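Following: one structure in structure tokens, then a few remarks.
Labels run A, B, C and D following the written order; every chain starts at residue 1.
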Amino acid sequence: MPEGAVRSVMPLLPILFPWISLLAIAIFRRRALRLRLWLCFAGSALSFLAVIVLLPSVLDGKTYYFKLASIVEGLEISLYVDTLGYYFSLVLAFMWMLCTLYSISYIDHKQNRYFAFLAMCGSFLIGAAYSRNMFTYFIFYEMMTFGSYPLIIHEETAMARRAGYKYLVYAIGGDVLLFFAIITNYFWGGGNVNFDQWGLPTLAAASKAALLTIFSSYIAGFGVKAAIMPLHGWVPDAHPAAPSPASALLSGVILKAGAFGIMRVIFNLFGIDLMKELGVHWVVAVFACITIVLASVFALTQDNLKRRLAYSSIGQVSYIILGLTMVSRDGTLGGIMQLAHHALMKACLFLCAGVILVRTGKKNISDMKGVGYQLPVSMICFSVCALAMVGTPPSVGFITKWMLGSGAMEAGLPVYVVVLLVSSLLNAAYFLPIIYVAFFRWEGDEEGHHHPALDFNSERDPLMMVPVVILALLVVVVGIWVTVPGFPLSLASRVADLVFP
Amino acid sequence: MSGAYRHFPILMVTIPFFGAALLPFLAYLRRKAVPWASAFFLAISGGLGTFLVGKIPPGGHLSYPLGGWEPPYGIELRVDFSGYFLMMAVAGISLAAVIYSRRYIEKEVEGGRITAYYVLFLLMSASMMGFVITGDVFNLFVMMEILSISSYALVAVTGNRNAVRAAFKYLLMGAPSSIMVLLGVGLLYSVTGTLNMADLAARVGDTGYREVLIASYAILVLAFMVKAAVFPLHLWLPDAHSIAPSPISAMLSGLVVAVSAFAVARITFSVFTVHAWGLVGTTLEALAVAGAAAVLFGGIMAIYQKDFKMMIAYSTISHMGYVVLGITALNPEGITGAVYHILDHGIAKACLFMCAGNFIYRKGFRKIEQLKGAWREMPWTCFAFSLAAWSIIGLPPSAGFISKWYLVYGSVRAGKVPYAVVLLVGSILAAVYCFRVVYYMFFQPAKEGDWGERLSEAPASMSVPTWALSLATLFFGVFSYLFLDSLLKAAAQLL
Amino acid sequence: MNLWHNFHYAVAMVLFCVGLYAVIMRRNIIKKIIGINIMETSVFLFLISIGYRKGGVAPVHVEGLDPSRMVNPLPQSLILTGIVVAVSITALALSLAILLYRQFGTLDVNRLFREEEEEAG
Amino acid sequence: MKRLVSLLFIGALALLLLYVVSKMPPMGEPTNPTMTHVVPRYLEKSEGEAHARNVVTGVIINYRGFDTLGEVTVIYCALAAVLAVLGREKRGRIRDYVELSGIPSSVIVRTMVALVVPFIVLFSLYVILHGEMSPGGGFQGGAVIGASMIIFTTVFGLHLSSVKVPLKVRAALEGSAVITFFLVGIAGILGGGNFLAYAWPRVSQSLQPALVTWLTVLVEVGIGLGGAMVFVSILFAMVREEGADEPLA
């Protein structure tokens, strides 16, 4: 049992609540569609509630612990709520709730399969967030990985199948690497892969070659999920193929599961000091930089909106990795905050893309002339988030970039600031045209027609609009009142204080 | 009666023998009762086994001298935890398979042979139980012969020409290997003067005849490699396992080859103990290489199969490689992984073959292509298949994950990282061939006329065992902690 | 030289290889079965020779016989079991051969397997 | 090519085995491990412990009784295997192949066989019952009965022999070896000892020799009967094959 932790079933509740959805699906099967779907939402909402009630005590520095099973000495399946895990679970439970709500009206066929797997993935992800050790994390992570396959190929088009195939290939490869990493870590770490401490003391005794093997396997294994180039191949295919709420989750949360794993590796298993001593963090950082720049360049060339967003996600997730490998307090803080901030922005963007797709049937940016007049609310939300992505204050995007930049200076590496600036420029270069096309072009504009009137009729569906608006508001609100307890900064700075005492 | 549980292991072995002997007469009186009676005898056997829970001292064993003759003079049963564990696995899987058999066999096997089928089935299960717990090398041979003869015949029981040919091929490779076991036992006996495993272990170390010991070990390992279908000697397996009736495929693939692999562990750890490893090192190295080759070969071949059961059969070759690699890691983790893998592979493989049997029973489909869109008609079978495939790949939280963890960990601990990599590549291959089928079943539209919309699951007596096994893969994954500690202790005891 | 002294064993081993040769190389199924039997017999011979004792007598207690002069009874009892096993395998193998002959009209392994290939192709 | 490789392989194997043989303990020496370790007890005490004058019988039935239980199971298994492959005759169908078996033979042969067979059976009973004190025993006797049936069937045909040993009898007795052995084993447990204990601890010391002797005889008879029936059934299954009475797939 980790030191100072309270034994409690609280961590188990958010993992169990989503299973209400499965129960509902199993009971009703073909009847009461609406009720069934609302019960699914209730499951995810309860899960979020169960997470949020822990907030005050987590802010007080309490930790919770719950043992599910102990396989052998030192290898147990157990849950452990520390600040970092709680932070991730808070983000993902919230996202999950909103996306489930959105899905109710978005998904129009095979609801049972979709919602069952959606709920299962949510449950597994919270389990992963609350894992006490790498072994448990891997179990939940892997179940989540394969559980999200049906979400990706939900449309069952040829493109979706291809994307699903690619996803599986990458996922299996990554998981095998990860498995290898955990086993070698378990062996050289003296039978311990727990997250209780900030750096395994036993690991320091291992040989450098062993440490390098472990570290690189971990990074490569999680790197597949976190889409570090050149392991990003599945992302640009999976996002456009999946239904929009699923893309939002993929980008907002599932990609983060990889980044979160890397956090656990760097903070809890290796520890900042050992990683510094190993001296390979800069290699990872270089990969992250390359990813940040290249992904933005690729994004420029995409005409498919969701594909462009997917490339954008690849770049943005690498911000997290970059922040972690800067080895400075502010950089780490920025990386951790990016996890939540990017989730808010990108989920909103994808949900907007979903609204566009459903209401106008348009996928490509070049077709979206005047879409801002057809769907004003969504496009305004979209614009807010897009500007936030670019890094315009006051928004969450700005906070992240500021922190990362300050971290780079703190680490004495201004070159990272340059990378961030270049990336911001590129972000602007691929996001602003979308806004431009949506609001400043319309059918017949070249012939001198006046722009069409704003049309609110298409946006009557509250199930879809409420999540979009909430997310867009949060992007601004969190960006302004940064220090409110419970917002990312409060939790992230606690983690950063622990990592850099 | 306190202490009566001492007798249970031998009763578990002999009650099905007894039952098998009663069956022909029962069949003469009332043929319909035969399947039920067989299930009854196996159930008694398994039921007795459950009384032994907690009775085996951790890290120790129950010794049962038959006829009361103390070990080197009489035959001894040595029930350590891994033996008990496998015995229960045999009992459980056999029970599921025998219940499954009733409807399936009615369809595939012609009436006059059904009794013989059940007789052989009981003998096969019981001899496997005897095989894993016996403490005497000659008795090992006898049990292995009952096992082999019954499995040769069960492959051919349909009388179909391909089946007979496959059975003959099996016999042609199996019989010489049986003789080799006898030869190996003879060589061992000639330099030690004893047949009891514990006694042999004590005497092997300090007898002077090095060459004879090396030869006997090599011969025994080679012979058991044939029975366990380890890579270059696997030729009989794909035909035999894919052509046999499905419940028999389940038994053969899930248990028969696996207990033969376990025999290698028995010979290595209980007879040629740690002290004699100087003698057997080279053979073990060769065995490990063969195992690694088997993992890759079996996996790759499985990917290219068109026939559903053939694919599962090749997958067995791959998984026997896993077991061998676990044994040759020569540390408690590796052995634990191997034993646990025998269990979970047995359950999952039996389940896969039963799923295949369900398709054959309902539709006569054998090709993987024909499974496209199968879930519309047979959703439960498809789900069961997916769960079992989950375990075969080794994904958490199934039992396959636990054994894969220990196998890989054992290899890493033994400093044999390349073998760890091979094991992982093996699981990638498994993912490829399993996901293809799962993908066809769930995500592909059915070909015209293959599958309709109406639900047509296999009858309950076939679906229930299938489901029981597929859930068991989850059970042994989630509750693996109940067994692993004892298994690790038992394995440490062996070393 | 031990090999000369142990010529019983040596003969058994040679027989073993002869049997193996027949099993591997002979094309006729019946001859293969005979090969299996030769292998079995060679092992029996080997085991019985292990139990031999110079100047020994049958292990049956008779008035005035010193037990230490008897040959080793253990291999004999093992062989009894072995023989039964051998008979069983032979019986099964012959039954399979009968069935194969009835279904394929040949006992030639090559022809059996050629047909298999044709069926596959 | 394949031939050459196989020959080379077998030759190499033979040389290896011969090398191993040359390193084995010299044959027949009283100092060999086989002579000094376990066996002396069998030789010296079997009369007192196993109550069998024939040490081989003592070892088979008593010391290593479980092997023999396995052995009778193997032979029973062989029968089941043969029947699984070839199938058993159907009840009441036996008359259909009356004309199909039996080699045409002269009166002399028929008369001789008819005369000799009862004596062979009688001899087999002697072999079975006397196995306890002289070479012989259940299997040997059973095999002799089987042989007598082979002769009988060859000469008189399957129909007549299956009237002499009808299906009913065979179905009941085929398993008798396993059943007897199992029951004797259980009796050992009930008698307070382990499975297959012949000298039941619950019985007074003075009665034990007789008990062991009679149980040994019982087991031998069981093995003899069961073995004989198994041989006969295998024979019938194979002979019947000549005129298959049912179509096969």
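Following the convention adopted for this analysis, a contact is a pair of C-beta atoms (placed from the backbone, for glycine too) under 8 Å apart; a residue touches a chain by one contact, two chains touch by 3 or more.
Keep in mind that this is a model prediction, so the values were computed, not measured.
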| item | value |
| --- | --- |
| Centre-most chain [mean C-alpha coordinates] | B |
| Result of counting contacting C-beta pairs for B-D and B-C, higher pair | B-D |
| Distance between the centres, which are taken as Cα means, of subunit D and subunit B, whole angstrom | 29 |
| Subunit A and subunit B: spacing of chain centres that average the CA atoms, whole Å | 44 |
| Separation of subunit A from subunit C, taking each centre as the mean of its C-alpha atoms, in whole Å | 69 |
| Touching two or more other chains - residues of subunit B | 138, 142, 145, 149, 152-153, 156, 159, 161, 164, 167, 189-190, 195 |
| Residues of subunit D touching at least two other chains | 17, 20, 23-24, 34-35, 38-39, 42, 64, 67, 70-71, 74, 77-78, 81-82, 85, 248 |
| Chain pairs that touch, as defined at the top of this document | A-B, B-C, B-D, C-D |
| For the subunit D and subunit B complex, residues of the former touching the latter | 16-17, 19-20, 23-25, 32-39, 41-42, 62-67, 69-71, 73-74, 76-78, 80-85, 87-88, 90, 167-168, 171-172, 174-179, 182, 185, 188-189, 193-199, 246, 248-249 |
| Subunit B residues within the subunit A interface of the complex | 395-397, 401-402, 404-405, 408-409, 412-413, 420-421, 424-425, 427-428, 431, 435, 443, 478-481, 484-485, 488 |
| Residue numbers on subunit B that touch subunit C, as the complex places them | 138, 142, 145, 149, 152-153, 156, 159, 161-162, 164-165, 167-168, 171-172, 175-176, 178-179, 182-183, 186, 189-190, 195 |
| Subunit C - residues contacting subunit B, complex | 16, 19-20, 23, 29, 32, 36, 39-40, 43, 46-47, 50, 74-75, 78, 81-82, 85, 88-89, 92-93, 96-97, 99-100, 103-104, 112, 116, 119 |
| Residue ranges of subunit D touching subunit C (in the complex, touch as defined) | 3, 6-7, 10-11, 13-14, 17-18, 20-24, 26-30, 34-35, 38-40, 42-44, 46-47, 53-56, 58-60, 64, 67-68, 70-71, 74-75, 77-78, 81-82, 85-86, 133-135, 137, 139, 234, 237-238, 241, 244, 248 |
